[in-house]
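Each structure below appears as structure tokens.
The same chain A turns up in both complexes below, where it pairs with chain B and then with chain C.
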Partner chain A sequence: MLLTRESSGERWRIRPDGPGKVTGELAYLTDMAAPGMLHGMVLRSSYPHARIVAVSTEKAKTMPGVRAVLTCADVPGLNRFGIAHPDHPVFCEDRVRFIGDAIAAVAADTALQAAEALKRIEVEYEPLPIVDDPEAALLEGAPQLHEQGNVQHRNDYRHGDPEAGFAACAHIVEETYATPRQMHTYMETEGGLFIPERNGRLTVYSPTQHAFMDRMQLARILDRPEADIRVVSSPIGGSFGGKDELNVQPYGALLALATGKPVKLHNSRWESVRAGLKRHPMKIRMKTGTDAGGKLLAHRVSIVSDAGPYSTLSAEVLNFSVEHALGPYRFGAAEVKSVCVFTNNGMSGEFRGFGGNQAVFAMEGQLDRLAEKLGMDPWELRRINLRKPDDPGPLGQPISATDGVRQVWEALGESRLWRERERARSANAGRRAEVGAGAKEADATSTGGGPAAVEPPPWIKTGYGAAFVMHGAGLGVGIPDPAGGRLRLAQDGRIEAVFGYEEFGQGLIASLEQMLIEQYGFAADDLRIVIGDSDVVPNSGSSTASRSTSMMWQSLRRLRAPFKGKLRAEAARLLGRPAESVKPLAGGVRDAGTGELLLTYAELASRAEEEIAAETSFFYPTSPVDRVGSHFMYSYSSVAVKAEVNTLTGRVRLLDQFHAVAAGPVVNPQGYLGQIEGGSGMALGFTITEDAVMDRGVYLTRNLDTYLVPTIAELRGACEVLPIEELPEGDEHGPRGIGELGSVGLAPAIAQAIFEAVGKRVAKLPVDPQLLQERVGFG
Partner chain B sequence: MAMSQEELLRSPAVWQPRSPEEAASMKTAFGPDAVYAAGSTLLRTQWEAGTATMPRHLIDLGRVAGLKGITEDGAETVIGPMTTLTECRTSERLAESAPILVEAVKAIAGWSVRNLATLGGNVVFRVGDSVPALIALNASLEWLEGSRRVRTSAEEWAAAPSSASRLLTSIRIPGGEAGARANAKRFCAYHKVGRREAFTPSLVTIAIQGTREEDGISSIRIAAGGGQTTPVRMTRAEELLLGGRPDANLLQAVYEAVLEQYEPKTDPFAADLYRKQTAANLVAAALWTQFRDSASKG
Partner chain C sequence: MIDNTWTERTAGARLECEVNGRPVSLDVAPSARLLTVLREELGLTGTKRSCEIGRCGACMVMVDGKPINSCLTMAYQVSGSRITTIEGLASEAELHPVQQCFLEEGGYQCGYCTPGMIVSVTAMLEHNPNPTMEEIEEAMSGNLCRCTGYGGILRSIARAIETGGQSNDCR
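Here is the complex of A and B:
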């Protein structure tokens, strides 16, 4: 059954943080202010690549209202950050490597004074040659950006003998795919409030996906114990991976400690574009071949990824791309070579989909091209080559077995949209047979989703496409991936669910509340969700990699018996009744038979002998192999679209879409639909409008008037989501992640729809309208 | 240095004249230190982008009498330059007399911007999306230059704006072509193509208005612009069409004429050739849509 508000019935709940967000009443961390607070700003490099000859802050320090001007000399600890590979300078010492590089930071009484002081910081640069092309950066003689050279990371994979495989192929396609430098474009730009407390501690109010990681990194920079830092990290006005890494936090923390006063920083959109992370632009070459029947015999992949100047999670993203460039298919032989390259372009980093978006666009494009050569339906070609439930994962590793592949493959074929395609194809075939006989256009082929079947003008061409996605969740083998949480009955009688996850709009609070209501029988009023504060929450790992909901579900499953058992036992003791005769449910402990309320949670809390609480900690499940980053849990999706090309302008419109998702039970229907629809909107931007264009290391799209995210006008048309909840008997893993899945499959599906519409292959995103433009003809 | 700091901290002085004459005399007095402000939606994006600095004096036209509203003057529709885009968009009178202007206004920026931005502001921007429509409509512009009233056509002004300091006082749209016969039917089209469907800068904008009679097209004006390209008339295409019936062959010739005559300015987001082909395609397709029956017979 399609997932809609109606089909969800009572499970469709108003999310607890919804009203505050819709009315604007909710204060984000960057809306906060403190009495006497200073305003911080960062001086960023004037050049994409230059030697710093000298920095003088003397004049800036004498400016009115200026309380501190800091440079690399003022960093007490490690002058670097980076989640996995700390090589990003907090302040550059002798060299800048991109136009977002920080050289100094100022705190002043007003933002205007801080801005004026930045202009008075004198930096003498000696410009260096710019490395703006990852492939050129690999050539001999290219300027080297780091001691290790320009190679950030390589990752190769091989099984079987691809050469022999290709020799046996009846059909081979080769293509080079290119993907854009997409921006997360969260509504809330990076920022925060940094408060030096009287007791010597530092409180950091700044959005991040993993408060404990920020705390660790800040402790390293400030040379202080982690315990001296408190990170308050939620609520967040969107992140999509873009705020997992540190951004303004080092500057806010250093300025606050240097001045002894609260400091606020909040990036303008311009600064956010300049300094913030983007999706890795990748160039992916693929050569793929089949036998005469369509069986995949050989697959060769080469990936070049543009890291920008520093590492952050570039290596991990590349590893993910390697795995997903193989996808759900079984090849006779396969070889992947990949390299991530340092350049003087903007910083690339974590972004929803994590390197899968680029790889799947290429992989699915290969299948569509092969199907054309074979004269076979593209969806049928996929069926022939899809993995079976017990097959190993893409890198040969054992994975959690589900029937998701078959389920989403079949669901697509049965969807309204795909049946419409079948009717349109047979109508077209019929019309071709009747050429000259004055055949009228069949209704099914000419509707643009609207009710009236008006024959479109000759320059409007429509087509259908589909893509398959198998997306890994969790951080993968070899990367610490802790999980866990705590339940406790607080003194005021509220049941607190305490987790180290973050709410950045995905609906995590709503999902947690819904699970506690549905699985534990509590009422919403019984609950208090506590997240986003490193002083209070356990380290549940990062809210990333489609893992949070799975891990909350696992935690609650583990906590259920101990926590409810303790509530029950203590209530029974207080009531002087046998434990079996009482049950902790909505509003308090009730008679197990009649449901009568015996003891409210407030009464229980006040009378309990000791605090009632339970805690669990464990790790995200991984595959028992030693290949770093390979995944154990996967979600599956098939995506079908109908798209339209206007050949006058070459512009593409998405008319209709269908997503089948096999990821276990739906924890929160509204959140589920939101993730798939929202991910799809992001994928549409990746496909048709979004690219942070750079020229010689400088952004040409510096604001949202030239960097164009889709609007409601692009997102017209139906978006059907079919969740497939069934899991194999005995499955212990529960709901799989869906946070990224929706952002992956749309691009290749649209590319195939374009091909069906106008017969042209798109290999570079966003789609260039000029490629699809045709001279109008009325012959 | 202290001076510059003070300057930065000082917001511009905002003046609120009550008549066009008073506004013009303020502008004369302050010279280049003063900027007229209508809706200020464009000004603030320019200040933010650093493509213009905030002036010392802003002359707010919001209180100037007689600059707002849509009225009739004989056959002409008269639009006050301070009329907001939203007001233009919802005007029944404009929907009747200048439908392509309404179409143009709908395609400018987003809802919140259109509530503030004015038609006059879009016109004096010169590359605003209303300008091709006004050229196709053969609109004229009335200005106050010093104490002198000056009238120019929208087309003349777009081609060569006066270097003299002027205040736009009205936008006038003629009602019906002089000498047109009673059975002449008006046709018109407006298309804007950007890099997305809404709230987007234009890459190519075309506007067409004409009349058709029994024996073919009796009048036609075609304007093309978009991006940083100043809108211009596609006179060669007009000449080909005048007196003719747009069949397939004529439309091909019109396509070629636009392709040849339209000279767009380029930017990193779309190639010159793409803009030319888009303009030519849109003009030919718009005419095909209007004359679909005769075109398909041709």
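Here is the complex of A and C:
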């Protein structure tokens, strides 16, 4: 059944954070202010690559209102950050490697004074040659950006003998795919408030996807114990991976400690563009071959990824791309070579889909091209090559087996949209045979309940396309991936669910509340959700990699017996009744038979002998192999689209979409639908308009006038989402995570729809309208 | 005679206007934008700062019933005007019907674009209670949402239209 508000019935709930969001009352961390607060700003590099000859802050320090001007000399600890590989300077010492590199920071009484002071910091540069092309950066003689050279990371994979495989192929397709420097474009730019407390501690109010990671990194920079830092990290006005790494936090923390006053930073959009992460632009070459019947015999992949100047999670993203460039298919032999390269371009890093978006665009493009050569339906070609439930994962690793592949493959064929395609194809065939009214009628019935189709003008061409996604969740083998949480009956009688996760819009608080209501029988009013504060939450791991809903579900499963058992035992003791005769449910502990309320949670809390609480801690399940980054749990999706090409303008419009998603149970219907629709909207931008354009290391795109994220006009078409919840009997892993999946499959599906519409292959994103413009004769 | 013109200019002028039904009288710098006055002087942080070039709509407020980007509006331009921000839509007792529709349909995720989005929808429906899809596109293309893909927003708008925007059905 399609996921809608109506089909969800009472499971469709109002989010607990909703009222604050629709009234504007919810204060984001960048909305905060403190008495006597200063304003912080960062001086960033004037050049994409230069030697710093000298920095003088003397004039800036004498400017009115200026309270501190800091440089690398003022960093007490490690002058570097980076989640996995700390090589990103907080303040550059002797060299800048990109246009967003920080050199100094200022705190002043007003933002205007801080901005004026930045202009008075004198930096003498000696420009160096720019490396703005990852392939050129690998050539001998290219300027080297780091001691280790320009290679940030390599990852190769091979099974079987690809040469022999290609020799046996009847059809071979070779293509080079290129993907854009997509920007997360969270509506709330980076920022926060940094408060030095009277007791010597530092409180950081700033969005991140993993408060404990920020705390660890800040402790390393500030050279003070982690316990002296409190990170308050939610709510967040969007992140999509972009706020996973530190951004303004080092500057806010250093300025607050240097001045002894609260400091606020809030990036302008240009500052955000300039310094922030983007999706890795990748160039992916693929050579893929089949036998005469369409069986995949050999697959060879080469990936070049543009890391920009520093590492963050570039290596991990590349590993993910390698895995997903193989996808859900069985190849006779496969070989992947990949390299991530340092350049003087903007910072690339973690972004929803995590390298899967680029790889799947290429992989699915290969199958569509092969289907054309074979004269076979592209969806049928996928069927004969898809993995079976018990097959190993893409890298040969054991994975959690589900029937997701078959489920989403079949669901697509049965969808309204794909049936419409079948009808449109037979109608076209019929029309070619004889131009008649029957064909028109068939078209008119095929618009999915919309108004009857009007014959479009001849320059409008429509087509259908589909793509398959198998997306790994969790951080993967070799990366610490802790999970857990705590339930506790607080003194005021609220049941507190305490988790170290972050709310950046995905609906995590709502999902947690919904699970506690549905699985524990509590009422919303019994609950208090506590997240996003490193002083009070356990380390539940990061809110990334489509993992937090899975991990909350598993935590609650582990906590259910111990926590409810303790509530029950203490209530029974207080009531002088046998434990079996009472049940903790909505409102309090009730008579197990009649449901009569015997003891409210407030009464239980005030009378309990000791605190009633339970905690669990475990790790995200991983595959028992050594290959770093290999995944164990996967979500599956098939995506169908109908798109239209205007051959006069070359513009592509998405008209209709269908997503089948096999990822285990739907925890929160509204959140699930929103994640797929929202992910897909982001994928539309990746496909048709979004690219943060750089020229010789300088951003030409500075704001949202030239960086075009889809508007309501681009996304007004239908979007059907079909969740497939069924898991194999005895499966213990529950929901698989759907936070990223929706952002992956749309691009290749649209590329195929374009091909069906106008016969042109798209290999570079975003789609260049020039490619699709036709010469029109006006004679 | 001492010419005070320049001093007066740089010291700013008195801004008199009405914000969410309450009279406001403030000294503001001539260069102050309405967005800054709302957020920093009046503490109305429901109006959001995002692109600051009038492209994203996160800072949308109503000035005399018309939706405008407060980031592009100088404070002096609203002298004598009636300004409604997101904080001014709900009554003491209940949400505005458009807010209620967004709440029930899930027309938001991170919520950062939501105040501006709701202000634009409210302004649209006040002028045109039954807009066509083309009119919705036109009225809402200045409000960007990065989370929802607009599905929940379109359903919220449809519901608000269905229930008459001003009726109690969505409460």
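In the analysis below, the second predicted complex is superposed on the first by the 761 of 779 C-alpha atoms of A that agree within 3 Å, B and C clash if a C-alpha of one lies under 4 Å from a C-alpha of the other, contacts with A are read in each partner's own complex, and residues count from 1 in each chain.
Operating definition for what follows: a contact is a pair of C-beta atoms (placed from the backbone, for glycine too) under 8 Å apart; a residue touches a chain by one contact, two chains touch by 3 or more.
Computed from a predicted model, the values in this text were never measured in an experiment.
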Using the superposition on chain A described above, determine whether A:457 touches chain B (first), chain C (second), both, or neither.
first
Go through the superposed model and pick first if A:674 touches only chain B, second if only chain C, both, or neither.
second
Applying the document's definition of touching, compare chain B and chain C: which contacts more of chain A?
C
What is the contact status of A:713 with respect to chain B (first) and chain C (second): first, second, both, or neither?
both
Contact-wise, after the overlay, does A:259 reach chain B, chain C, both or neither (first, second, both, neither)?
neither
Determine, under the contact definition given at the top, whether A:504 touches first (chain B), second (chain C), both, or neither.
second
Looking at A:338, would you say it contacts chain B, chain C, both, or neither? Reply first, second, both or neither.
neither
Regarding the shared-chain residue A:705, is it in contact with chain B (first), chain C (second), both, or neither?
both
Look at A:653 in the shared chain and tell me whether it touches chain B only, chain C only, both, or neither; answer first, second, both or neither.
first
Looking at A:397, would you say it contacts chain B, chain C, both, or neither? Reply first, second, both or neither.
neither
Both chain B and chain C touch chain A; at which residues?
703, 705, 710-713
Listed in rising order, the residues of chain B that touch chain A in the complex are 1, 5, 8-9, 45, 48-49, 193, 195-201, 204, 248, 251-252, 255, 268-271, 273-274, 277-278, 280-282, 284-285, 288-289, 295-296, 298
Which chain A residues qualify as touching chain B in the complex?
59, 63-64, 112, 116, 120, 270, 457, 459, 647-651, 653, 688-689, 693, 695, 700, 702-703, 705-706, 708, 710-714, 769-770, 773, 775-779
Could you please specify the touching residues of chain A with respect to chain C in the complex?
5, 12, 14-15, 17-28, 30-31, 33, 184-189, 235-238, 240, 266, 268-269, 504-507, 670, 673-674, 677-682, 684, 703-705, 709-713, 715-716, 719
For the complex, which residues does chain C have touching chain A?
39-40, 44-53, 55-56, 58, 85-87, 89-90, 95, 99-100, 102-106, 108-115, 118, 133, 136-137, 140-141, 143-155
